[in-house]
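Consider the two complexes below, in which subunit A is the common component and subunit B and subunit C are the respective partners.
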Partner chain A sequence: MNFKKLTFVNKTLSEIFNNNIWLFGFFLFLLFSVTIDGFSTRENYINILYHSVFIGILAIAETYVLLAKRIDLSIESTAAFSGIITVWLCSNSLYSSGLKLPIWFSLIFVIGFGLLIGLITGFLVVRLKVNSFLVTLASYLFIRALANEITQGHTLTGLPSTFLFVSEPTIFNIPLMVFIMLGLFAFFEYILRFTVFGKHLYVLGENKNMAAKMGINEAKISYSVFIIAGILASIAGWLIVAKEDGASVFIAQNYIFEVFVAVLIGRISVNGGKGNLIDVLAGCLILSMIKIVFVIYAFSPYFTDIFIGILIIIIASINAISERKNASVFYKKEQS
Partner chain B sequence: MLKTLLKAINIGKFFGKVKALQDINLEIKSGEVVGIVGSGSAGKSLLAEILAGNVQANTGQLLLENEVITKLNPAQIKRVGIEVFYQNDVFANNINILSNIFIGREIYKSFAGVKILDIKEMKEIATQKFSELSLNVSPTGTIQNLSSSELQLLNFSRFLLNPCKLAIFDEPTSSLNPEQASTVTSIIRESVKSGFCKSVLFIGHDVKEVMSLCDRIIILKQGKIIAKKNTTDTTFAEVMDLISGDVEEKEANLRVILNAIGDAVIASNIQNNIIRMNPIAEKLTGMSFDEVKGKHISEAVNLVDSSTMESIDCPACETLATGKTITLNKRNTLLISNNEDTNEYLISASSSPIFNENGKLNGVVSIFRDITKESHLQAKLYQSQKLESIGQLAGGVAHDFNNMLSGIMGCAELLKSSKNKDEEKQTKYIDLILKTAERAAELTAKLSAFGRKGKIQSVAIDFHDIIPDAADILKQTIDKKIEIIVETQAENSIVIGDRSGLQNSIMNLGINAWHAMPNSGSLMIVTRNIYLNEQYCSESSFELTPGDFLEISISDTGCGIPQNEIKNIFEPFFTTKEQGKGTGLGLSAVYGMVQDHDGAISVYSEEGAGTTFNIYLPCAKSKSIKHNNNKSINEDINKHTATILLVDDESLLRTLGKALLEESGHKIILAENGKEAVDCFKENKDDIDIIILDMIMPIMNGEEAFTEIKNINPNQKIIIASGFTKNSKLDELAKRGIAGFIHKPFRKKELNDLIESTLS
Partner chain C sequence: MNRIKAILMIVFIVSSLVIIVSSKKKDNKTPILCYMTSGLTNGFNIQSTKYMEKFGEKLGYKVKILNANRSAEKQIQQIETAISTGVSALVIKAVDNKLIVDVIKKAKKKGIKILIYDNIIDGCQTDMTSVLDTEKVGEMVADECIRVLTNKYRKAQGNIFQIMGDLGDMYSIGIAKGFNNKIKKYKDVKVITKDTPHWEGQDKILDLELNKNKNIDIVFMHSDSHMTLLTNVLKKHKYKQGDIKLIGTDGDPDALKEIRSGWCHATIGVPVVSQVWGIFNFLKSIENGKTIKSGNYLIRDLNCKLVYKNKSPISYLPGIVITKDNVDDKTLWGNMHEF
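Moving on to the complex of A and B:
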């Protein structure tokens, strides 16, 4: 009897925390719509989606790395570098390269850059076995600084109008970028779910020893996730400048913290092997809603940072507790 | 001739200095099922991990179809066609059952270089394989809820997915029930037969299972291959022996342990024939193992009841009959040794059954402990303690004699108040007083002697003088039918002590002997010199100092003392005699007397044969002075007159002493303390023959005075007088040469005797 009750409580908890992020998000959405004046407008809803695009793409990158039980702090800087360099390469601004290169070249260039960063991180982490936190903490610092060194910290503007092909179009009034983000989510979730690589990524994240025994090539997967993260980050940076029509030293500043809020709400475990991108998408939208609310109430940016910092701690704690609960439920089943 | 599939050459794996595996050479031929068995720590699983490439070996190489496998890692091993099925760590909890069993062997379609899973196909295959194994799980379910046997079958189901060259199984049936296990083994056999898998290396925990499945088995022990057998050429028992091991090593271990045991250990088989015994057992039985090996245990172990001398069955026989542990713990079991001296050992014995692994009685192990010494020590301790406590009681009883004194005082009062000088009546009162006083004195003396509170004279005595006197008195006292034989064999018969006390002791023992021989018999008194060594003295319940002793043995040919009464005989008030005939104090007085003389007494008795009392007294080194018995009888006449210096701080005693000694014709000089005595001695040192010196005095005590006087004249005869019994201080003085010891208050006869013997 007692045991039944306990399983019920546990189930309810895990229902709420594990599987129904979307339900939670919807609840929040209704709550805000009803209680906050000016929230329930069509423009605002589009805004929520639009605001989640860059965090969303970076969250996909971080999800892949976390699933492999690694961490990547450098994606924010990679995005920033890509954005700044894109403007530097393509614009006719005073401080740019003056090359006025075509849009496709800049895209290929930044993707190549993201791949290179991913390769270097992979080499350090897989071959030299340096802790991924330390490697990416260092690259977080120097990659952004590298871009600023090139532009000497000047704000660059004057992108050619070709970029409007990316930023302007809408479908049912919803910006194209939202669909790009959703497409990326769908594609990478498909990879996780229905490919050999996806399965091996989960196995590796769960148990490295076992993955080795099963003949899974750990190095290949680890390289892959860092490369995917690098490429996705640089695409995000490229999209940011397309939308913003320029780049300052503050581009993508502190995005990494918001990315962690999003993936943590999306139940991605920092212990590897757990979670999926559908939940992460919900995490991104929830974060986006909260940020909009902050804008509506005109909270100071400092308060927003305080809030995000504390939110990371709270969600990480909830995750840790529920992971332990799940483990103990599993343990009880084993015993009974 | 079968083709060689896999060859492992000289594989070795070390962890630091520990050689987990070494010199592993094995060859697996195509179409063969090879088993590896061994105990838990043999290194089986480690070998599997090395063959799987999961653990890197320190030495050696692997050849598949005569080609060296260069990169030994799991992926490479898999690539060359070796599938390994590990015991644990084979499932991921975060993916479903289907994904789990297909890890590393997924079915997919490539689309632009991306391997997309064919989940439908995989599900079909999995469902089919699960039903083959009668495994009732849903492919889309989660791993978490499965039992250990289901997990093991799932792991095995992976084997069915892809054909391979060699499959290595690490204990694939350890969690399965027999039915499931037989399904698994039959599938393995079928697969090899059908060529689905060319050969199998099967690491097993169940030797029977491995032997029924495999063509060949390899036996691993402590990281080495100790045997390779074709299953048709060997038996289960042989394999088990090989696994459990190094017979010689076990034997050596067992021998060392057995030899170290302080008790006799004899192991016998189901027929109770001896199969093993340790050196202590050889000593106790007096037979060597070679002599009795294979013989019935009763031939070596000869047990008798110490009181009835009837033989007792060895407990091993009963253990064999009942299967229970049998213990003989009564202190009456003697083990009769079979060697020439036929030693006897008092033992405690126990036999326990030996069961084999199936719980069947296999033999008996019997343990015998020599408790001879222990038993003696215990008996002595018992006696000593009991006497000590009752001795105190006896001292207390002495107070009751105050009642007698009351009678005496009553008579004295009557005498004093009798106005008419009726001489007859007065004499009657006086006689009554004297008689009562004498009786009281006699009894207190006995009691006190027993309680070590009596007055003991310490003079050198030739025991050979005492014995004829005692014998003479005994001859007059006891029945004429009893012959008294005296044999004085001792060369040194001088002891320090109380002549009358010792004489009384001999008399007491003599009278006891007479009472033991109501009809006729002989009483024998024999003296001998023996040396008691340190060991004997330390084990004895008496306080003995190792050295030369005079042994006086008094034996009779009487009825003997029953065994159960022997331990009581020295207790006060213990008597077997009729009411009124004995006080029960005789032997305890003897005991106390012997104790006071730093000696020992022992008794040996056999019912119907007689009793022997042995008294041991320490021999004195100096020659004793011949004691003139006749003189002491007539107390008024003294041969010698002497000048005596009497030193005592109490004036009453000085006066009394002076009166007593002057009556005997001596000349007396008095001194109040040690200092005065020394001064007086300095003045009259040529005249003074004897000094009687009190010990505890003001200004200068007896000991200091003794030292000073001895400094002046080392040969000066000094008698020590004291109110206390002998003590260690006195013993010290005695070593420096005292002429004698007298207990205060002085009695005329004693005083005269002592002075007489000192002078002569």
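Moving on to the complex of A and C:
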């Protein structure tokens, strides 16, 4: 019997059952299923999962960075570049490279690219002490522009059929990509909970001085979170093009906003050191449900953007108030 | 306490599932038709949407408008949701006619009628496509260009700067094909062609060209939506009305305005109302499983040509040449100011 695994499963289940976000998610699910015509179909339930795959993977990336009290705006562009470059390297379309490289090479290439972006960001943030917001804002701009420069803004299609091994298979009619996302959530949640790295990440995000006193290597952790974010973003981009059999210049556009909604619903603190990926998964699913309801009611995309903007403000405010409240309770306890 | 919470949670989930499963299906007698528009940022799309609603409801459909706001990914997700929530027909104005192929195949498998508007989708079977006969439009523009050049030089000679749209868009490809095929017969007419990915930056391309080339007689762009911007570029380079003739396609209100002001020589107008009706004209027959024969049909007083391509019927509508002589015609969509 693997007790460590059992503990992980038990802890995960208890986290779900004791959690208001999941409760809220189930409430919305029930409400939409009963009240909205066309919502309660098997295909639609699968769509809720399917439409949260890419945002979900990017949300894992952003969660790691936020836990370290940093921010990464470049994950959207890293995903876009990885997607576009994958099609450029592998497809036989008019504007591709003509190299027709194999699928495994493209995956290694984009992972390498994500790693490189993470290293550069880490170097600028850790060694040169540049603010992570500014660094990743700059890379947000130039990485996508770089991809568009390579393709001259054209849509690239014509991926080899080998990509169908990723996009086509289903297990119980649920696309493989959903299981890839859930697997990544489980793996990275495991790292957060049960590894020294995870514990150090929380300590560093919560209190930098304490981390220093404990001998935690801040530079190493900061490098690691940016590298993890880069790699996950590049995997997300690779999966997007596998699903869509091509890439346009608008690939993954505005995903960063949805990622922030998901992590904020998932109660990840922008002040670092608080939150977990189980809640973030709930955040992704809630967001996915809301987006599907908007499609069913045929709301305009402008309304959707207004809603997302307002949602970010509301959730961020709720999180800030609750953090302040928790801090004051902690202070009173300390005093007494 | 935690155990009680867990039990409550399980009861809640189970009861939710029971309610969902046992909830009676609502009355779905009114079939739903979704019009998936690529965006609503230009007059043509807005006008098309208006008539989609009008004609769809006239035929007894509940019409839903879904705006992808120029995102192919968003459009694909919208179609996936529409499939899973149960629609009878999808009318699609595709953001990207290549990326959309897979999801159309998925919808077809579910028995949903697929109707394509204003674009031709290759690589999958569809139930009807209603488009402007773009090759014919290209030929009409070529005729107009030859008329302009002959008036200017007394013979067909001169330089035309052709600004295409996105090379992934069959609309632009069709226009260029018709135009180039016709114009190549005139050996003294030189055509310089540039494309604009995603139809953006037409004004910048013209600006760059005018910096190095002062011998352009005609600027022909495959869309009217940047007409005013192009006029501004000509003004910036100190040209006056008529020095360089602008010719466009669409019949956009901006193009009509520039025809009146003398900057634009002509545009080929799209018969929006007929093109939308081209979708609905055959819809009942399609639903009843009837095969639509190829041939010529009269669609709202316009002769359309119906042909089969990859086992999919395509209805081609002719364009209308708009010059200063007929620019105030109230039936042109660019003059319908209700939107």
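Operating definition for what follows: the second predicted complex is superposed on the first by the 315 of 336 C-alpha atoms of A that agree within 3 Å, B and C clash if a C-alpha of one lies under 4 Å from a C-alpha of the other, contacts with A are read in each partner's own complex, and residues count from 1 in each chain.
Keep this in mind: a contact is a pair of C-beta atoms (placed from the backbone, for glycine too) under 8 Å apart; a residue touches a chain by one contact, two chains touch by 3 or more.
Since this is a predicted model, take the numbers as computed values, not measurements.
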{"item": "Fit or clash between subunit C and subunit B when superposed on subunit A", "value": "fit"}
{"item": "Touched partner set for A:43, first subunit B, second subunit C, both or neither", "value": "second"}
{"item": "Which superposed partner A:197 touches (first subunit B, second subunit C, both, neither)", "value": "first"}
{"item": "Partner chain(s) touched by A:155 [first = subunit B, second = subunit C, both, neither]", "value": "second"}
{"item": "Touched partner set for A:208, first subunit B, second subunit C, both or neither", "value": "neither"}
{"item": "Of subunit C and subunit B, partner touching more subunit A residues", "value": "C"}
{"item": "Touched partner set for A:33, first subunit B, second subunit C, both or neither", "value": "second"}
{"item": "Partner chain(s) touched by A:216 [first = subunit B, second = subunit C, both, neither]", "value": "first"}
{"item": "Which of subunit B and subunit C A:245 touches, first, second, both or neither", "value": "second"}
{"item": "Contacts of A:274 with subunit B and subunit C, given as first, second, both or neither", "value": "first"}
{"item": "Overlay on shared chain A, then closest C-alpha pair between subunit B and subunit C (Å)", "value": "15"}
{"item": "Subunit A-facing residues of subunit B, complex", "value": "52, 54, 73-75, 77-79, 84, 86, 89-95, 99, 102-104, 106, 108, 114-117, 119, 144-145"}
{"item": "Residues on subunit A engaged by subunit B in the complex (per definition of touch)", "value": "191, 194-197, 199-200, 202-203, 205-207, 209-210, 212-217, 273-274, 330, 333"}
{"item": "Touching residues (chain side subunit C, partner subunit A) in the complex", "value": "2, 5-6, 9, 12-13, 16, 19-20, 23, 26, 28, 34, 40, 64-74, 76-78, 80-86, 95-96, 98-99, 101-102, 166-168, 197-198, 200"}
{"item": "Residues on subunit A engaged by subunit C in the complex (per definition of touch)", "value": "13-14, 16-18, 23, 26, 29-30, 33-34, 37-41, 43-44, 46-47, 50-51, 94, 152-155, 157, 240, 244-254, 291-292, 295-296, 298, 300-302"}
